[in-house]
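The structure appears right after this line, and notes come after that.
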Amino acid sequence: MPHEKENQGNCFHASNSDVSRDGDSLFMTGEAQAIAVTDLHKRFGPLEVLKGVSLTASQGDVIAIIGGSGSGKSTLLRCINMLELPSAGSVSIHGETIAMKKDGRGGLMPSNRKQVERLRAQLGMVFQSFNLWQHMTILQNVIEAPVHVLGRPKDEAIATAETLLRRVGLYEKRDAYPAFLSGGQQQRAAIARALAIQPLVMLFDEPTSALDPELVGEVLSVIRDIASEKRTMILVTHEMKFAREVSNHIVFLSQGKIEEQGSPDQIFGDPRSERLKRFISSIH
Amino acid sequence: MADPAPFINWSLLALSPPGWGGVLLSGLFNSIQIAVGGYSLGLLLGVGGAFGKLYGGPILKDLLECYTTIVRAVPELVLILLLYYAGTDLINQALGLVGLPSVDISGLAAGIFVIGVVQGAYSTEVLRGAIKAVPAGQIEAARAFGMSPVKVMGRITLPAMLPYAIPGLSNLWLIATKDTALLAVVGFSELTLVTRQAAGSTKAYLLFFLAAGALYLALTLVSNVFIGIIERRARRGLVKAA
Amino acid sequence: MTIPPPDETTHAMAFTPEDLPTAASFFQPHRILLMIIFAGIVLSAAWFMRWDWLPQYLPKLGWGIVVTLAMLFSTAFLGFLFAVPLGLVQVTGPWPLKLLASGFCTVIRGTPLLLQLWLLYYGLGSLFPQFPEIRNSFLWPYLRESWPYGVAALTISFAAYEGEVMRGAFAGVPAGELEAGRAFGMSRWTVFRHIWLPRAIHRALPTLNGETVLQLKSTPLVATITVIDVYAVISKVRQDTYLTYEPLLLLALIYMCLTGILVILFRKLENRIPTRGA
Amino acid sequence: QAEQIKVGFAAEPYPPFTSPDASGNWEGWEVEFQKAICAEAKLDCVITPVAWDGIIPALTSKKIDIIIGSMSITEERLKTIDFSDKYYNTPTGVIGPKGVAFEATPEGLSGKTIGVQVSTVHQDYANKYFGENGATVKEYQTQDEANQDLAAGRLDAVQADAIALDAFLKSDQGKECCELKGNVKDDPAILGAGVGIGIRKGEDELKGKLNAAIKAIRENGTYDTFSKAYFDFNIYGE
Amino acid sequence: MPHEKENQGNCFHASNSDVSRDGDSLFMTGEAQAIAVTDLHKRFGPLEVLKGVSLTASQGDVIAIIGGSGSGKSTLLRCINMLELPSAGSVSIHGETIAMKKDGRGGLMPSNRKQVERLRAQLGMVFQSFNLWQHMTILQNVIEAPVHVLGRPKDEAIATAETLLRRVGLYEKRDAYPAFLSGGQQQRAAIARALAIQPLVMLFDEPTSALDPELVGEVLSVIRDIASEKRTMILVTHEMKFAREVSNHIVFLSQGKIEEQGSPDQIFGDPRSERLKRFISSIH
């Protein structure tokens, strides 16, 4: 499969040319790219899960990562904020490359823990299984990082949090504990929590796959809402219809490599590689 | 000031007199006897108590509730004193009432009785939890195949609850071995009391208490090996993790 | 080799908030009957047994209860402070520390508290005066007393049992919640302080309740090293009056009340942080 | 056919009256006395160590039948149990560490910590005469523990039976640390009319047998014979 | 709804006339009906779940009970083997009526426990959630009732069990514990366990509804196989296609009453009552 070789390791550059969006983001704009991943490798013991992935997201991009189970989507996302340490390659956030050094066991580790913590605070992550802190109320969950990581004054953080909770429709539940909320409500709270740090980029890892079908809709509509305000987002999802509708660029991952990428119309309307064709037909 | 030179006089632990090793070992043997007896009695009471609490009539349930509540709310030390002095007395008075001659209750029997009654309450709770953990469908299936209630209990409920009960029961065994030490306060010569006698007679307190500690610990560790084996057997049918 | 986790047994052994009866549950016909019978027993006990000694000992009993409670709360508090590092080290520590901590827990949980108490008081305590340095130090007035040994033994014991509970609690905090903390840029210390520790305590709370009740039941052992707690006061009553049953029954009643109050306090505490299910 | 009688005494060492050796045998003056009495009264005696703290309940609940455990005859005890005639009576002494001079008087002991065995006449005496005059009275389950704490410097003085104290002072440890400070002023109302055999109330037949036996061994010289091995004075008092 | 009244309480008599099967069952034949339920009522507290149901099954009948959720299907089945005690009405098995007496609280209870146990041993029940005994291997599960209830010799029971396990395709798994088997395998084992007592009637309560879709097929094919040898069966199922194919009589339960019954073709092809029409259309 010659085209596989071509695609592998290719960088996907500024998507502004691809789509009609003009970058009048609500948030700071600039020359630097929001996220740049270069030739990322990740192995778990003998298993090489990512085999050289490069990816760039400009300000305001909404990138959907799709692919079969085990193709490395979650691993890629988790490497971006160093929850998983890459074996090789580099990650830059807003132009700042995360400094890495050899860990002596054939992998890499951050050479500056403080830098990682600082950069992480610019990425809002939404997990598949919500991971809300169970011992805090919803409001406490949302203000936790602004107050204790970013050092914002508590009352200011509460004000922001209440606006966000109103926005995701959870204002009434702000004093409830996560365990008393439905999955959909929990995921919306998790989104509010991620938004509360006013992140440069939002990362979503299959935000709806732990939900019952009837709850998926409410979460998707919140994400759609966020996407519409041109916030940079990278989202791993199995909801193809949603990916097509909300993103301006789609990356198809297969066996640890980017098999194909392009605009939604191109990926779904005119898939080129055999694997993508098979993947799309298996979904429909 | 005492001469601190021979800090540890190992010959005190020699097995034959004038060494006290033999006395310690026989104390340990007494402790083990009481622990085994008390634990077994407790298990019997526990099985009865658990079934009574789950399936008994309202009055039986309440009485059992009182039993487990009292034992769980009152220190073992107090219970041991109460049962040791009052319990055996009451037994004899009861025997007297029905016209039987009063029995001579040996220290061993009294110890077993006391530890057994305390353990019985704990076993009741452990077993009740374990029986409740057996999925109702398992018992229903047994009834659907025409098993009598006794068969259901013997063939299904009891064996099926074992994996749930074993961690709790093994802890109770370890507690039984340690609770025997409390019988020291009623003057029963189990390991802790003979240790104190040996220490008092020789003034080698540290040595004897450490030696007794080592014996108790060895008992615990040996028990653990067996518990591990039993547990592995009982959990055969359960998927790992959980 | 480790002793099985204490959680289940704690619940089997300790009277815990979920065992408290509700007010409504008393008003069932057979219960009322039982309560009448019970009241009859209590009344006849009050009538036929000897209680004339009671007024004379009341102040002492009150003081004994204070000592018992002081023993309980101080050792539970101190023990818990030790339990946190003991549990944490067993979950994440480097192997020498891990081994040390689990060894400590195994040894303490594998030997009777009574023996530990005597080992400290008669064993260790009898060594101290042989060293003039200790005898002349500012600690000596305390080392002469018996209560520091009681506090030490009870603290160590509580730390070992609760350390094991905390180990389970730390290990049981979902990795995802810690990961979420890290994903938001929290430092390791912040994750520990804001997520891991409170979450672990929250999880351990029901067992902690039970362990505290068990600790209350362990306190009378200090009477054997001359600390005058409520048990020791009752012992004195028994020896002064030679009554077999009355003082012990009163003592049992006192401990039941103390347990009951403790459990009600815990229920209040637990209700402040709601948990769902189980 | 002798009657089987369980003889109770404290399970803790109380030399020179009762103390266990490493083979688990109990020895001491009181053991000898018990043997002599049982032989004389033709009783089949079994010695049964019990906790001192529960020795009277053990008697009343029939775990033991008589107490031969250095138990002084007092008014308070007579309310619950009965006693034989006395079989020994000794003065009460106070010991303390060497090098600290004080007397066995309320004034001498004021401000000091004094150890006694719980539920002995000494406890009552110490409470009344010393405790109410500025001394701290600390109670121990066994005499041995009190002695131990004196040696360990946790106590300033110990009050007990002069003979028991003497045995301690003769031991290696006692020789090192302590000396007799004197005997206390007698108060028969508290210190009692000597030591007797404890019996359940109402067992007058047994009581009669025991009294007769005490009398007999005193008269036939047995009492003096075994006492000589332990004491160089008349332990029976007078 | 006048036709509701008509149907209610009607007995369904010997189905031989309805269908082409001629009763040459593999098992004993006779005049007596395999199962006869007469005017069965069941209430849970204030809720009347069965409001007079009568049903007869002759030797060799395969009866499918269908109906909406909560219509009382499981309750009916469980009343047949007295796992649920009826409030009124009677149940006969092979002509023998289960003797009942008043329980003093407005319900009935068996007057002879031994009789119930004996008759139960002639009914092979397969539960929705399998209910295999977790502490026994598959083989032990299958021989348990023959050995300990019917008193068969153990080696004979093992021989029969092995034949049955081979038939349901689980011979290789005979020494495995249930927890280590897939749902489909567990249900097949449960069927073998029920067959091992050589029951007069097999009762199935939604045997496939706890299974993942891909496992349903294997269990249905085993049931189909049993049905084909003319064993009497009563099965509650949601698999309409399967019910139509395998049964010779279908009973539609609605709100605790038999709303309509008849041959599969009639029920599915020509439903008369409104409710059945609605039910069928909601299924397709």
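Chains: A, B, C, D and E, in written order; residue numbering restarts at 1 for each.
Just so we're on the same page, a residue touches a chain if its C-beta (ideal position, glycine included) is under 8 Å from a C-beta of that chain, and two chains touch if they have at least 3 such contacts.
Keep in mind that this is a model prediction, so the values were computed, not measured.
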{"item": "Required minimum of steps from chain A to chain E, each step between chains that touch", "value": "3"}
{"item": "Chains touching both chain B and chain E", "value": "none"}
{"item": "Selected pair, greater C-beta contact count between A-C and B-C", "value": "B-C"}
{"item": "Farthest chain (mean CA position) relative to chain E", "value": "D"}
{"item": "Farthest chain (mean CA position) relative to chain B", "value": "A"}
{"item": "Distance between the centres, which are taken as Cα means, of chain C and chain A, whole angstrom", "value": "48"}
{"item": "Approximate Å spacing (C-alpha centroids) for the pair chain C, chain D", "value": "37"}
{"item": "Centroid spacing, where centroids are CA-atom means, of chain A and chain B in whole angstrom", "value": "57"}
{"item": "Multi-chain contact sites of chain A, meaning residues that touch two or more partners", "value": "none"}
{"item": "Multi-chain contact residues (two or more partners), chain C", "value": "122, 126, 224, 244"}
{"item": "Residue numbers of chain D (touch at least two other chains)", "value": "53-54, 57, 61, 145, 148, 151"}
{"item": "Listing of all chain pairs that touch each other, if any do", "value": "A-C, B-C, B-D, B-E, C-D"}
{"item": "In the complex with chain B, residue positions of chain C that touch it", "value": "1-6, 8-9, 11-15, 19, 28, 30-31, 34, 106-107, 109-116, 118-119, 122-124, 126-127, 130, 213, 216-221, 224, 231, 244-245, 248-249, 251-252, 255-256, 259-260"}
{"item": "Complex contact set, residues of chain B against chain E", "value": "135, 137-138, 140-148, 151, 155-156, 159-160, 162-163, 236-239"}
{"item": "Partner chain C, residues of chain B touching it in the complex", "value": "1-2, 4, 58-59, 62-63, 69-70, 72-79, 81-82, 85-86, 89, 122-123, 125-126, 129, 167-168, 170-172, 174-175, 178-182, 184-185, 192, 195-196, 199, 203, 205-206, 209-210, 212-213, 216-217, 219-221, 224-225, 227"}
{"item": "Partner chain C, residues of chain D touching it in the complex", "value": "53-54, 56-57, 60-61, 76-77, 79-81, 118-119, 123, 138-141, 145, 148, 151-154"}
{"item": "Complex interface listing, chain C residues touching chain A", "value": "174, 176-177, 179-187, 190, 194-195, 198-199, 202, 273-277"}
